[in-house]
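Remarks on the structure that follows.
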C-alpha cells in the first residue's frame, strides 16, 4: 500500500449515552477503493461523518485520530475543516432525491462549491461546472446547469452529486451508500463512474455500504464492521475467497446469493440470526452473543485485531 | 425538460387561473353576505332616523323609498348586482357619498397599517424564528419561545391599550391615536415625517399575534429543513453554517411562512376592526364597524368584497412568491 | 371536550402521549393556570357571592386602596375582583361552546368532503372558501349584530366563522386515511358509510383535531374578548372583554380597570396555548424530539 | 302686530349661576385677526348642511357656512342674523322677515327671499324634524328680494325659535338645481356654499374638514380666525389627550371622559364652559315605560319603580355631577318652561313594595316578584340600565339589561315594540312642542317612527294641554298649560325623568368667544378669535 491518504487510528465516537464506534483503525491509500461494510447501526456512516467533521450535534470524537494529508482532522478548527470539506474531501450521499437543494439550480449548486474553495467568478465557475457535468457523463451539460433538481432522474442527480464532490479535485471521495436508492442498472453506471474517476483522477474512495455485491465488485480492500468495531480488514479478493471472522463468514455464507468469490449479486446484507448488540453494553466481543463458535472467554474479553497476513487482520481469537 | 415556468406567460396565466378559481367564491360571498346582512334587525332608515333623533311616519316612508328599502329584497339584490356588474358599488346611506369614494379615502391608511404590521410581523418573526432555531433547545430558544407564546396569547386590543398607557400616557413619547397630527400639521411632507410615530403602536398591536405565528413557524420549519439531506450536502461542500442557513435552509423554510402570510391578509383586516377602533385609526376596519352599526350595507358589502379580492390577490401573490422560491411548483 | 374518545381511540399511543404531556413543564404550567381559572369559574358564587354587577362601594377605588376590594372598584362602584371571578365563566363557557360548535360543523364537513371526495368535496370546499374569504372577525360582528349579543349567540357565532380550519384539517386526514387497508376491509364487510366515517376513520383522524381544539379554544376566547371590548356582549354578564371595553374610557385615570381583566384573558389564552403545544409535542414525538 | 326688535341685554344675566368657569366672553380687548383653530367632533358628519339631517356633527358644523335667519341668546331670546327685522302677526299666522342687505353667498350670488322660501319649504319636506316643526307652514311669499312672508295654517308659538342656522339653515336655491325632488342628493351637502363667516375648502374623509375665513363676510371685519379645522376624533380619551396637548383647541358636547374632568379643570391651558346647550343639545335621560306591557300598564308599578330611584346617585356615578336632577318631562335648561314645582316621587322602598303588592305582584318566599328586561343603547343609557338593575333587585324585580346598537334598538322599541321599558337619552330641543310633546301626545303614538311616543301613552288631559300649548300665543297662558302638563306626567309616570345633562365645552384658554349664545359651538363662530392670533 502507498502512503495512506486517510489514516484512522483508534477512533472512538461517543454520544452522551452510547459509544457507537470504538477503537476503529484503518487506512485508505491513494487511488484505492476501501469499502466499509456493515449492517445499519454498525457505525460505518458515523465514521464517514466523523471524517467530514459532520457528526450530529451530540456526538463527539472521544478518542483516536483521523489523519488526512498529514494533519489530524480531529484537532482542526471549524474554519479549517470547512476548507477540507468539499475541497480536499468530497462526499456523496445515499439519497440523491433529497440531497440536492430543491430550490437551487444544478449549476448554482455546483458553482457554489467551486467558488467556495477555488474562488473566481461565477462565469468561470459555470464553465467548470459544465465540464464537470460532462465529466460525469450528463448529456447536454450546459443546458443542465439551469435545470432544477426535480427535473432530473435519481441517477442523474447522483451524477450531479458526484460532480459536486469532485469539483475541487479532492484526494478522497467518501461515498455513503451511493447507490442504495437507485435502480440496479443505474447502480452499476454510477459506481462505474466513481471507479473511473478514481482511476483517472487518482482519487482515493471510501465506500460505505451494506451491499456485499458492490463490495465484491468494486472494492480493493474491505473493513467489516459490527456494532461499532472492526471485525476484519482484508483485501476484497482475500475476504470473499476466505472470510476469517465468524461474522464475515456468516455474512457471506448466509447469503443465498453467495456464489463464489465475485459472484455476489447486488443486494443488501443477509440476515444473521440474533440482534445487533449494543457496542457499549458489552465488555467482551460484541458479536459473541450471536457467534456460533464463541469461546467462554469471548463474552468477557474483547479480542484485539490481529494480523493474519500482510494485509489481513481479524478481531477474533478463533479465526485462523 | 422544458422550463415552462420561466416562460413569459406565467404571471398572466396564473392570474387568469386564480381569478377563474376565485369567481365562484366571490359570487358566493356576494350572495351569502347580501342576504345575511338583511337579517340584521333595523335598516338604514332606522339608523338615519335614530341619528337624527326624530322622525315622522311620512318621513320614514319617504326615507325608505329614497333608499330603495321599500322594494322587495330580490329587486334590491338585482339592482345591487346590476350595479356591481357596472362597477358601481352604490351610495353610502350614512355619508351620502359614493361608496367607492369612501373606500378610496380609507383604503390608503388601512393598507399602510396592514403593510407595516405585516412587515413587522414577517421580518421580526423570521429573525426571531431563525434565532430560536439557531439555539434550538438552549436558553435563547426557550426565552424567545416563551415570548412568542406570550405574543400569541395576548389580545391585540389589550396590548394596544397597555402600549397607550405606557408610551402615551406615562411616557408621553408616542401619540395615543389617530393616523397623523390633528389638523393641517398632517399635510404634506411634515405629515409623512411624523406618520411613523402614529403608525408604530397600532401596527405593533396588530402585528404581534402574527409575529408570534411566523416566529414559531419559522423555527419549526428551519429545524425541519435543517434535518434535510441537502443541508448535509451543503455542509459537505465546505460552506459555513451561516451560508448554509441563509442560502439553503432559509429559502426552503420560508415556503410555509409565505403560505401563512397569504392566509392572514384577510384575518388581519378583521383584526384591524378592533385595532383601528382602539387607535382611532381612520381605516377600513373602523369604517366597516361603523357601517354595521349604521346599517350602511353598501359600504359593508363593498368592504367585504374588497377584502375578498384582497384575499384572492394575496393568494396570487403567494403563488407567485412560491413559484419564485420553489421551482417545483408548476401550473397544472 | 373530545379527550375521552381520543384516548380510547389511541389507547396504545395514548398512555405514552399522556406521560410525555405530563413531563412537559410548559404543559403542566398551562394545566395549572387553567385549573385556577376553572376553580374560579366553578366556585364563582362562593368566592364572590351575589351579582358581580352590583354597585357595592365608592367608584374608582384603586387596587389595594380598600382591603375589602383588593382589585378596586370600577366607574360604577362594582367590585373588580368579583367581576374577574365571574368573568372567567364567560370566557371558558364561550371558549368551549364555540369550539364545540366549530368541531361539530368542521368535523362533519371535513369528514364528508374528505370521505366522499368528488363533487361533494368540490361543493364543500367551495363553501369553506366562501366562509374563509371575508375576514372572519367582520363576519362575526355581523352575526352578533343580527341576533342580540348574548352568550349562545357569541359562542355559535365564533364557531360559525372558525370551523373552516377544522374542516380542512379533518378533510386532509380523511383523504389520507380512507385509502388505508382497514377502511377497505370495512367496506368489504359491508359497513355503512356512516359507520365507517364515525367508527373507523374518525377516531384515527382525531389526534390533530385534539391539538387544534385547544388552540381553537384560545382563539375563541380572544374573539369573545374582542367582541365584548367592542360592546357586543351580554350586558347582564360580566366578561373580561367588556370590563376592558368599559375601562377603556378611563385609561388615563384608572388604567387598572383595563389592565387587570386583560391579564386574565392573556393568562387563560396562554394556558390553552401551552396545553395545545404540550399536546402537539406529546402526540407528535417526532417534532418534539427535534430539540 | 307685536314688533320684536333688537334689544340690549346683559349677556351674563340669568346664566351666571350655570357657568362653571367664566369664559372669556365680551372682554373689552380688541379681537386679534388670524390663526387657525382645530375643533374636534366625535363623528364624521353625514352632510355639512343641516337641511337634511340633525346628526350632531352636522349641527355643529353647518352654521359656520350656512346661516339662519336668527340666532339666540342664552335664554333663547332671538337676535338678528340674516334677518334684520321680523314681525309676527297677532293671530300668530303670519311671519314677516326683512333680510339683511348686501349678503352674498360664497360664490358671489346675492342672498334673496327666494332662497329663504326654497329653504323653508324644503325643511318642511326633508328635514327630520322639519316635518313637524314646520307642519303648519303653508307657504312663503316673496313680495320683494329682501322680504319673506310666511303663512301658517295655525299658530305655532315655538316657531320663531326654530329659525336658527342649526335648525333652519338658509341654503342657496341655485345649488340645488336639478335636485329639487331630492335635495339630499345635491352635492351641496358635501361641499356647501352659504353666506356664513367660513367657506368650505376640503373634506378629507375619515379625517377632517377644513374651512377658511370668508373675507367677504357681511359682518366685516368678522370673522377673525383664518381657518377652522374640524377633526373627527371618535375616542373620548383621544380627545382628552388632544385637548391637553394643545392639538385640539376646542371640543363640545361633553367631549372627554367625565373622569378626566378633574384634571382638565386644573389645566391652566384649558377653559371649561357648561352653557351653550340651551338651544338643542339639552340631553335629557329618562326611563320610558311601554304602557302596552303587562306590568307597566299599571300606574302603580311605574310609580313603584320611580320610588326606588335616587337620581342623585345616577348624577354622581354616571354623570359625575355634570347635570341637573330633572324628575318631570321637561328639562330645567328650558328655563322659561320648566316648572320647579313639579311633584317628585321620592325614594321610598316601602311605598314601592306596597304599590307592587297592591298591583298584584306580591313578593314570593324568596322575595321575588317578577322578571323584566330593560333596553338601552351601549354607553351612558346602559349604565343607567345597570343602575336600574341594581336598585330594583331589592324590590324583588329581576332586571335583565339588553344592549343593542342604535338601529336594532330603534327597530325594537319603535317598530317591533318588543320592549318593556328602556333607558334613553334624547334632546328636548328648544321648545316642548317640538322636543317634548312627541313623547307624550297620543297622536304621536306611531309605530315605526323613531323617537315618537314609545310609551304608547294616551291621556286625553295631556293631549288637550299639549294641543292647546302648541297654538297658544300668550306666553303666560302657555306656561300654565305646560305646567299642568308637567304635573300630570310627574304623577302618571309614563316615563321617569332622571337627569338633564350639562354638556361641557372645553377650549384652549387662548380661544375667545367660542360660546356666545344658546347654540354654543353650533354658533357661526364669527366672533371667535385667538388671543395671540
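In this document, chain identifiers A, B, C and D correspond to the written order of the chains, with residue numbering beginning at 1 in each.
Note that a contact is a pair of C-beta atoms (placed from the backbone, for glycine too) under 8 Å apart; a residue touches a chain by one contact, two chains touch by 3 or more.
In this text the structure is predicted, and so the values were computed from the model without any measurement.
When every chain is reduced to the mean of its C-alpha atoms, the one closest to the centre of the whole protein set is B. Pairs C-D and A-B differ in how many C-beta pairs touch across them, and the larger number is found at A-B.
Summarising the inter-chain layout, the chain whose CA centre lies farthest from the centre of chain A is D. Chain C and chain D have centres, each the mean of its CA atoms, that are 46 Å apart. Each chain gets a centre from the mean of its Cα atoms; for chain A and chain D, those two points are 92 Å apart.
With centres defined as mean CA coordinates, chain C is found 53 Å away from chain A.
Under the contact definition stated at the top, the residues of chain B that touch 2 or more other chains are 40-41, 169, 277, 292-293. The set of chain D residues touching two or more other chains comprises 237, 241, 404-405, 408. Of all residues in chain C, those touching 2 or more other chains are 145, 248, 251-252, listed in ascending order. All chain pairs in contact, by the document's touch criterion: A-B, B-C, B-D, C-D. The part of chain C that touches chain B in the complex is made up of residues 26, 126-127, 129-130, 132-138, 140-142, 145-146, 218, 222, 225-226, 229-230, 241, 244, 248, 251-252, 255, 258-259, 262, 265-266, 269-270, 273-274, 277, 287, 290-291. In the complex of the two chains, the chain C residues touching chain D come out as 51, 53-55, 59-60, 75-77, 145, 148-149, 231, 235-236, 248-254. Chain D contributes residues 36, 38, 40, 44, 46-47, 53-55, 126, 128-129, 131-132, 182, 184-185, 189-190, 204-208, 210, 227, 229, 231-235, 237-238, 241-242, 247-248, 404-412, 415-416, 426-427, 438, 446, 448-452 to its touches with chain B in the complex. Residue ranges on chain B touching chain A, taken from their complex, read 1, 3, 228-230, 232-240, 247-248, 251-252, 325-328. Residues of chain A touching chain B in their complex: 52, 54, 79, 82-87, 90-91, 93, 95, 98-105, 112-113, 116-117, 146-148, 150-152, 161, 164-165.
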